[in-house]
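Should a chain be cited, it is by its letter among A, B, C and D, assigned in written order, with residues numbered from 1 in that chain.
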Amino acid sequence: MCKLTSCQYDRWKPKDDVMPEECGVFGIFMDDQRYDPAEAAYVGLYALQHRGQESAGIAVTDGKDVKFHKGMGLCSEVFKDNLGKLLGGHIGIGHVRYSTTGDSRAGNAQPLVMSYRGGRLALAHNGNLINSSVLRERLEEEGSIFQTTLDTEVMANLIARQSKEGILKAITAMMRVVKGSYALVIMTQDELIAVRDPLGIRPLALGKLDNNYVVASESCAFDAIDAEFVRDIRPGEIVVVNKNGLKSYQAQSSMETALCVFEYVYFARPDSDIDGISVYRSRENMGTRLAQAFPIEADLVSDVPDSATPAASGYAAESGIPYAKALAKNRYVGRTFIQPSQALRERGVKLKLNAMKRNVHGKRLILIDDSIVRGTTSRKIVEMLRLAGAREVHMLISSPPVVCPCFFGIDTPSHDQLIGSKNSVEEIRRIIGADTLHYLSIDDLLKTVEGAGCNFCVGCFNGCYPIDIRKALKETEQLDLKTIE
Amino acid sequence: MCKLTSCQYDRWKPKDDVMPEECGVFGIFMDDQRYDPAEAAYVGLYALQHRGQESAGIAVTDGKDVKFHKGMGLCSEVFKDNLGKLLGGHIGIGHVRYSTTGDSRAGNAQPLVMSYRGGRLALAHNGNLINSSVLRERLEEEGSIFQTTLDTEVMANLIARQSKEGILKAITAMMRVVKGSYALVIMTQDELIAVRDPLGIRPLALGKLDNNYVVASESCAFDAIDAEFVRDIRPGEIVVVNKNGLKSYQAQSSMETALCVFEYVYFARPDSDIDGISVYRSRENMGTRLAQAFPIEADLVSDVPDSATPAASGYAAESGIPYAKALAKNRYVGRTFIQPSQALRERGVKLKLNAMKRNVHGKRLILIDDSIVRGTTSRKIVEMLRLAGAREVHMLISSPPVVCPCFFGIDTPSHDQLIGSKNSVEEIRRIIGADTLHYLSIDDLLKTVEGAGCNFCVGCFNGCYPIDIRKALKETEQLDLKTIE
Amino acid sequence: MCKLTSCQYDRWKPKDDVMPEECGVFGIFMDDQRYDPAEAAYVGLYALQHRGQESAGIAVTDGKDVKFHKGMGLCSEVFKDNLGKLLGGHIGIGHVRYSTTGDSRAGNAQPLVMSYRGGRLALAHNGNLINSSVLRERLEEEGSIFQTTLDTEVMANLIARQSKEGILKAITAMMRVVKGSYALVIMTQDELIAVRDPLGIRPLALGKLDNNYVVASESCAFDAIDAEFVRDIRPGEIVVVNKNGLKSYQAQSSMETALCVFEYVYFARPDSDIDGISVYRSRENMGTRLAQAFPIEADLVSDVPDSATPAASGYAAESGIPYAKALAKNRYVGRTFIQPSQALRERGVKLKLNAMKRNVHGKRLILIDDSIVRGTTSRKIVEMLRLAGAREVHMLISSPPVVCPCFFGIDTPSHDQLIGSKNSVEEIRRIIGADTLHYLSIDDLLKTVEGAGCNFCVGCFNGCYPIDIRKALKETEQLDLKTIE
Amino acid sequence: MCKLTSCQYDRWKPKDDVMPEECGVFGIFMDDQRYDPAEAAYVGLYALQHRGQESAGIAVTDGKDVKFHKGMGLCSEVFKDNLGKLLGGHIGIGHVRYSTTGDSRAGNAQPLVMSYRGGRLALAHNGNLINSSVLRERLEEEGSIFQTTLDTEVMANLIARQSKEGILKAITAMMRVVKGSYALVIMTQDELIAVRDPLGIRPLALGKLDNNYVVASESCAFDAIDAEFVRDIRPGEIVVVNKNGLKSYQAQSSMETALCVFEYVYFARPDSDIDGISVYRSRENMGTRLAQAFPIEADLVSDVPDSATPAASGYAAESGIPYAKALAKNRYVGRTFIQPSQALRERGVKLKLNAMKRNVHGKRLILIDDSIVRGTTSRKIVEMLRLAGAREVHMLISSPPVVCPCFFGIDTPSHDQLIGSKNSVEEIRRIIGADTLHYLSIDDLLKTVEGAGCNFCVGCFNGCYPIDIRKALKETEQLDLKTIE
């Protein structure tokens, strides 16, 4: 079942110029003209902002022309002076992107807007293709040029090449070739199309605003514009919305789907439901299960704000130990904060988190966090709490240790920076200086999302990826681009 | 004891051009040159950012010259490209201001930097003078000009006029004349001076970074730069720090001091201690007392994020009713959000808060908030929760109804917009649509801050102000500016 | 000889989405590492800024990676905070673009940077292809996508498709297919390549900075970086510079070349030499010939600043009539000037030009301008001079009437806005209100550039274009993209 | 007659914190509401932009409130997004300031807007007081504070102190105390007031737009808004415009006035008339007189663009030697140009000026410039022309050598940087490398402005200042501020 018994990071590491894309996507087909697609997309992206703060973009069409604007920054900044010129039109799609690396470029902002044989096309993509580098090379050999480093551009080229018999056939052909995760929203001059990869690795949901269809990465975007959640887009499904209504096509299928379980642990917003499961409830449940698995005598349960708060609630309720804040968070940590000089940093400047001395002093503390990546932050927090007078600090993590990289869109650091890939739990405990350290088990984690309309990818926890990466790359290399259709 | 039996808003309303100043102040005298004052002030202001997001400013001196920079926006924005030019020097003061009205002006940013008989002077002020308009008129009659609408400029003029015998005498003379609240940080070319009004209405604390004295509106600013909290500046005290160390002068005294209780209810950061009381603990205690006073049968206790969270914790612990989130908050609500058009707004666009349907559906809900000002937000929240399926919504407020305006620095809306000033609790309940509505009593509120090193002003809850405003104005009018000293 | 006896504007009008590109290009191969290519490109573009103020861009390579930055605005604005990150490397190319239409887009800024089979490629183009729309369609049919509306992207796709046997063959193949004007600078990871179209319609020159080769639209860019002018790139020539030195290839040839004569009349900088002729001298000569052809009794010769100044000098010297300024120009007319309201505009607000009353009053005036496009400005100027007291205003134009559109890169307005295409000289005179109006004849104009190393295109003056547009389009439609190479 | 026989720079050098103010001022009283004062001020400042590019500001009143906006940069930049909020109202004044030093501050932008006993007041000032430092000290002793380093703030304080009997008396009293140059525009809530110093050192003119009075530093601002020039404001005159019309008061008088002759030489716009003399004509005349005084055998007369162009015209006409451009100027030299690195600068990068090789090669050249300050630019230009092949370069300056500093508002460098103060003409010639060098004599210069309605200050050329600075300072020190009125 496990396609890869151990993660062998270095061999299948994505090429340097291909960045993992943690993103949010949105699309709306406005049939009744009551609201403006650009405005709805703006509000939707605003609700999806937690999925990406690096860049934002919206493209709209009125059936004739396509207008778009995209830029670096939060969507409130990017569209501050630019939303007005996108008004009018009946279809709109939008995209926000997560800041994963420093060398992110303005040219990589989405949606990707282009002309092709069939007219104008705009694409917004969340996910990561594992064979995009090989596909780029193959397409370049055929004479294609690439102006970005986005997987989206690879998919766009594949679609354009196969578009002789229409966009639907082209998308189907593209899906046969690309391997990896994609929640893809496409806008033609008269259609809104949503595509989810056969494994359903990234979430994608369908909603309705009166008679107008909406798609979004998470259901919280529907709430934001007061649209109704209809259902999740199925793995391998293509949904086409036009003036005749909605049609669904099951372009690909997979025996076992593999939704990224990290969406529940950390990435998604707590008020979203994904594939039938409430993100908040699953996190609360992670805390409950931590309490059952690791009962600890303590005076206080607390959390590292903000994503671990529901798990801490769950632990407190299950254990009967009172919940209180151990750490105060500065709500005004902007993205442009000037780093203090060496002298002040050594001094221990506290910019984001501050220990609540009065709550912590003399107390035995249970601290819940969602994950430990490099360990640096955890070590600082434990130290800060001890200086504030905590008698004991017990660290509980609401997910298993991350031991392998993600190839499907979550930005995990390289192998040697991943504290979990080289150290035992006991070693990590010593590094971060906690009295005890416990992780939720994979089994317990999967129980918190039981009943979902899908299976899950836990590759980062055990190296079992839903795709045999080696095989997929080999197949792509042998592929004859001319014969696919 | 109550100086004013009922609030008579319209008669003593501050003149239109005098805005209430909700602010944060910071000052540091860097004796040992290990850290940079501008940088320390920046980090300190960063921690005080919750006290003011409209403008920020820092002034520093090296004993010869005074350099400063101030501008509109968060301190991370204002100093993004401008901190470097303030480096060097041995004293620094800083200021952040709250956005109270739309017509705020760049010219009103602080610190106020000026030349006077004694050299260069910079002032940063948190508070509100009730007799500043009269004093301005009196000073104008004497030939003074005013370039801002700040109370600070009035104080600066009074100090300059009385400065023949030194700054200390000048400040003492100024304190005899001005009436109201002030936590004032002053920088000369060789001294850092901190002044708190005789009633101690606004908080001001003293700290130490190694051998260097620091002052700040709240203790959380000390934690940020890893300074130690020493003590609160006393009401009526002047603290002077120079190269010879610290000296304290009790310039004025008052039988009953009157710290603003709203600092605990809403304004201060939970990890600060003010006059001996932990802000977080007092809020938790407000919840406990709400639970004791108003036991309600319900399935869930929740909060309106973020300042009501500790009170909700307190209620949950005391009542035994489980705590869970009923509302999800969008963490990326920037200050430049484009308001959606009428159509979308009527639709019920949810930008900041979203109901957690899964938690709320079918539940009897206790919702804790810190205050109700206009009632508009509360009504929307109750409606949102009902639409999400809440069976009952019980609203509990962790402070008494605000029935009177504040003359001492908290931005309360005008009388006719204040829902508590014209409506009974039952009427408010009906307006906001809650099943029940309860407010914490003044007595209970004061119990949550019992043991503090001060008395409290609860004027906004009962109209009993610590200063007889009418009398103060009359006295000021009759004052001979030439004879004070 | 004349390929088109009359201009038939409407039939061959370029498609709406293809904007004429009036641009400046620059490239440098820095063999000896003494100067930085990005910096040299910046200074070069600065000197070419008159050729385009809308957007600017620079791309550089160090042999491995390609870095680039481009944006809207003057190069001083675009690179203000962004030149530093381009430093290092050994090849650099740059581009400035003229603001021709309001709907210009950031995405259309050049250089176009891309990946293709051969690695990384950057292109900067000045000119206009007449068959680019057809070529785009043909390429789209083959599966290509287009992300800009630039001719450059068409050329890039053609090059990429033919690149199996190397870039030189690919460029040669591209040149066989595209029709129109192009001064093209290309950067690979190890070569700088300059290409001029077979007719030599746009200028392109070769220079040397010590041992390092430089190419630029005009020789003034060489002066700016203290490089030496070597020679003009020949029509149809490909120049390849790499670490082995320079090689030249005559890829295409044309019996009669056709340099755009408007470069001398208006577009180029006076201190540039193009194809052997000094721009300043040719303009002075236009004035001399105007004086010979149209001797007028007057008190004063003046010019519409700034490009007509040399012609006015020439007229004054030939006629003996003294030269003096009749119009003062505001040197601070920025691009962001707020248009005054209707009331003030009707009043006759003078933002850019002001009549010199003392010089003009009571005088018979000869006013030289380089061209009349719509006639609006000329009418205002004549009126302004009369109001300032001019007794007579004789308008002389240093070029013939523009009667036909340009298909090769000069931004002429549409047919119905072109005053010369619908009116006789006498009618124009009446419209602009001058006492007399004379244009330089085509023959006289060509005499001013006699001896140049090329022939000239005067299509906008007589409709005789150097390419049979109708035939070129038909050939392109019938072209089999698969067989060219 | 000469109040100071030699300039003794160091003794009376203005204090470091008092910057010379080279500025432009504008004011309008809009009686008939046909145009908007803010808009008119904007257009007026736009025409005066040559007098100051560092900062710009406008203040307007509608009789009740005063609104203003000011900022660093060109007026087109400063008001880009800010003019709209100033619309409405019936009086407006504006100010532009020249960039004289690097440490210019935003807080020093004008108009200075303030409240005083009489209501709201706004002041815009061009000029420089020689006794402002002493006056500041005296005012500080009386308890005044200063928030800027502007002379304007000194004048504002003096006016406020004397304002018991109205603004007119207050201004008169202020004029008795301040010594130096001032063209001052003042706005109260219902009056526009213009004041020119008794010596008339800075220009100030009165115009009319229909029935609405306008004042401006130069008449070109009237042309810009299509207002009519009425007359120059007289030295020592106060002009008061209100709804009852215009009243004039001769507050002070001086036997010999002293308009700054440098306004004609360099500072003013050529299309302005000042005190009856056309700036353009005077410059042309400077050229004529140079030709008469220094006949030189040469092939070409040229100019250093742009202010020396009329003088070069005059020389050419008088001498019969043809005029042609020797230097081309880059019209796009922005204020944010990034300085090239050392390597390129040593190479001789030409950013602003380029020699016209074809015109210059083998020629004997006469080059006219308006002045030589440090000599650095002149040396570079001569070198550039020789490298371009000039056989001889004869430099002629249309003003005498600057040997003394200016105390009245022109930004001359300190004594030791002034090439003319330490070197003979022959020594300067050698330094700049010219074949010959000649300056216009003071007598000849004064002839070019003969017939003006004023006398002239030529202090920078001969050290004879119109005010005995030593005496003025002593008098100010002995002044009793309480007794003036």
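Simple rule for what comes next: a contact is a pair of C-beta atoms (placed from the backbone, for glycine too) under 8 Å apart; a residue touches a chain by one contact, two chains touch by 3 or more.
Keep in mind the model is a prediction, meaning the values are calculated, not measured.
Hopping across touching chains, the smallest step count from subunit A to subunit D is 2.
Following the contact convention of this document, no chain is adjacent to both subunit B and subunit D. Subunit C and subunit D have Cα centroids separated by 38 Å. A separation of 48 Å divides the Cα centre of subunit A from that of subunit C. Averaged C-alpha coordinates put the centre of subunit B at 61 Å from the centre of subunit C.
In this structure, the chains touch in the following pairs: A-B, A-C, B-D, C-D. Note for the complex: subunit B touches subunit A at residues 34-36, 39-40, 42-43, 46-47, 49-50, 53, 74, 76-77, 79-80, 83, 209, 220, 223-226, 269-271, 273, 278, 280-281, 284, 306, 309-310, 313, 316-317, 322-325, 328, 330-332, 334, 336-338, 340-341, 343-344, 347-351, 354-359. On subunit D, the positions that touch subunit B within their shared complex are 107, 112-117, 121, 136, 140-141, 143-147, 156-157, 160-163.
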